[in-house]
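In the two complexes below, subunit A is the common chain; its partner is subunit B in one and subunit C in the other.
Up next is the complex of A and B:
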């Protein structure tokens, strides 16, 4: 299989309303934000998001694109609570499946392995079982006869991830400290597996910046590639760039009231990806000028 | 002449004591004071501890700095959780007398009055490996008769669920150190910090606390511990800001 090379807007146009979409990264780290911004500009709606959630979930919830969130958490890391997610929860405007972080991993792994569930201890005795009444337990068939939570597979219709480098065939590379679970998101998806990256390089250059074990994604796991420089902004994409803490702080404070959010949206979201990146560059220049 | 230890410094050392005797396990802290505590324990009485850099690196002390001694991405953190080779010190928005902890939300889960962190890793942590808690503001709002949503599992729930690897160690607050060393694992006052009366702790706790006849005072930091905290681990004194 050989991947296509698409633009972020072509990715959004390849998705359907009502889909269950997995989003890679972790919190406010290496999120496929250029693809998320393209969904914000699209007519897509009624989505179910499966994510170790960060501003990907917050932005899509704020834009009323989301029916349901399946997550271990929704956090901006350096800001513990995602403001849009918190507002939506307190307003009762979204459905939620709240899982233990490890259960979420196990659900992705079960889906990747085409298993209906995987057993684990996490969840036993906690209210995770009470708030997810569809969860079942399973007893070991061996002599120990221990009871486990049967974590159901988190099957996805589509997956979105962001890598540091990729080739045009759909091989992808992370150069930062943590792969997160991006390979599992791709493997848990039935199709429509979209990988954005900072830079598309020739296949023979994939080992120029990292060792073979940094090639987390192979082309059997992806359907299309997007070159999206700065495409994880404002989340971190080490070593290419760190989280833009000043911008994230502005995002979080803008979320606090409708007027400032409308301003944020007009400046950063009601524009195309190039317009976003220009506005972010201007934000950086303004910040530098103000601190002189 | 060494200045007197501050409350934050006493709390860091009390938290560090949670990991005493653990050996080569992953010491996972949530919050600044537990993070300083894990690194202090690693540099003094518990050198076997593994401590992360907050991303995927494991740090070993080297002089006044540190070197990376290992790699622990999130997927391996989850394996570490399930293997039991980990002892986490978590926070708690609510905690009951058997150690059931809530960090998820306040009010009914279906539409909470206040959305907090979500359950995060608390359900899995508490049924797989030792867990301790750090509470910077000891009050009846935190120490409650009943938590709104059981995120971390307490002793009563663990027993009912047959959670064979459950075990809570200590709870450190700005007033005291508590543990579960009673016949039914109900919370017990282990020590009070200098200047705190037993009655202060009892009054700030929203359930019946087991109080032994003699309650010792929490030990003070040693001169070596204070020097490490003040010059190596936290020279900017951020530790004092975590206590409101």
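Up next is the complex of A and C:
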């Protein structure tokens, strides 16, 4: 099996409305933002997102692409709560299944292992069980007879991740300090596993920048690769670049007011990926000029 | 006597609660300031564990987020987030976990999810659980740190995100939660500890100049007062100096 090399818009065109889509990264870190932006430009709608959520969830919610969010949190890290997510929940406009981070991990792992559930202690006695009646408990069949939360498998129709490097065959590498759970998102998906990356390199160059264990994703786990330089912007993609905190702050303040949001959308989102990257470069130049 | 703020008093009190050699699960903000103050003063062998996977982090400035590079660079070991949850937390290998809250009730149950009665259209949506339920379930003990106000110390939380003593004595055992649960709530007015008989939090310490009636006015339940109520000593000049040095070094790092 060999992956295809696609553009972000081709990835969006390969997805269907109503799908359950897993998105890798963590909060505002190494999110496949170029792929998310392509979905914003697409006619896709009625999506269920499964994510350690950040601006990926916020942008798709703001664009009314989302029916339901399944998450451990939706955060911008340096800004604790994603502003579009907060607004949507306070307005009652999206469904939510919120698990804590550990339950969410267990759900991905169960799906990756093709198990219906995995048992865990956290969550017992909390209102997470009260508001999610579909979450059940299970009793140990052994002598301890302990009761656990049976965290259900988070099965995905598609997965989107962003890596530092990849080859054209679908092998992927992270060079930063944290793999997050990107391998599990690919393994939990039934198919349509899309990996964007900062740079596609020849296979024999994959070990030029990192050790073998940095090859988190292998080609049995992916269906297509996208070269998307700066494709995680404005989230971090260490060591290639840090989070663009100034841009994120502007994003968050624009989200607070419909008029500013319309301006933000016009400048950054109602354009193609190249247009986005040009507008971001201009934002950086304006910022540098203002601080001089 | 040196002047100090209520937040400094709270941070110093939290630092004093940590003993040398403990393993301590730390969040960003006040818990991180308290843990690093303890490390700088009386607990040089405190093992700080941050959720991002750093074990034995020794930052000389306060990290801005759990992913801050200073944590990994100074750690004894860096492991994956799943390992933190499944190997360190769940089996009870961590002595003490610090938790903040938007609301806490008389049994130390914590809400960080929503304010208001309607979960699906809350008055205020909060950040949610994060990893707090694992910390609350499995650390050998938990210390809760938050400012004491009538709207935060409530008779019944709007949402139980992380379990303290549940509905009272015996709840944790019935639920199979391995840790001892919250052993202290440290506030900007004093310290509350659970009654061994009722599991209800009672006032066991107040700061200099704070009246019991002040604390009771800022508590949404009928706060009982321990027979052994203590006045907690004001921060020592050395404690304040160490805390302010840590914060100044961190501010400098942010501007650089």
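Criterion: the second predicted complex is superposed on the first by the 292 of 292 C-alpha atoms of A that agree within 3 Å, B and C clash if a C-alpha of one lies under 4 Å from a C-alpha of the other, contacts with A are read in each partner's own complex, and residues count from 1 in each chain.
Definition applied: a residue touches a chain if its C-beta (ideal position, glycine included) is under 8 Å from a C-beta of that chain, and two chains touch if they have at least 3 such contacts.
Owing to the predicted nature of the structure, the values given are computational and were not obtained by experimental measurement.
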Practice task
Quick one: on subunit A, after the overlay, do subunit B and subunit C clash, or do they fit? Just give me the call.
Solution key: clash
Handout entry: Touching partner for A:249 - first (subunit B), second (subunit C), both, neither
Key = neither
Exercise for the section: Quick one: classify A:5 as touching subunit B (first), subunit C (second), both or neither. Expected result: neither
Practice task
Please indicate which partner A:271 is in contact with in the superposed arrangement: first for subunit B, second for subunit C, both, or neither.
Solution key: neither
Fill in the blank from the handout: Residue overlap on subunit A between the subunit B interface and the subunit C interface 71-75, 80-81, 85-86, 89-92, 98-103, 105, 120-128, 131, 146-147, 177-181
Handout entry: subunit C - residues contacting subunit A, complex
Key = 51-53, 64-65, 67, 69, 72, 78, 80-82, 85-86, 89-90, 113-114, 118-134, 136-138, 159-163, 166, 171-172, 175-178
Completion exercise
In the complex, the residues of subunit B that touch subunit A are 55-57, 71, 73-75, 78, 81-82, 104-105, 109-124, 126-128, 149-153, 157-158, 160-166
Completion exercise
Per the touch rule above, subunit A residues touching subunit B in the complex are 26, 71-75, 80-81, 85-86, 89-92, 98-103, 105, 120-128, 131, 146-147, 177-181
Fill in the blank from the handout: Residue positions on subunit A within touch of subunit C in the complex are 29, 71-75, 77-78, 80-81, 85-86, 89-92, 96, 98-103, 105, 120-128, 130-131, 146-148, 177-181, 236
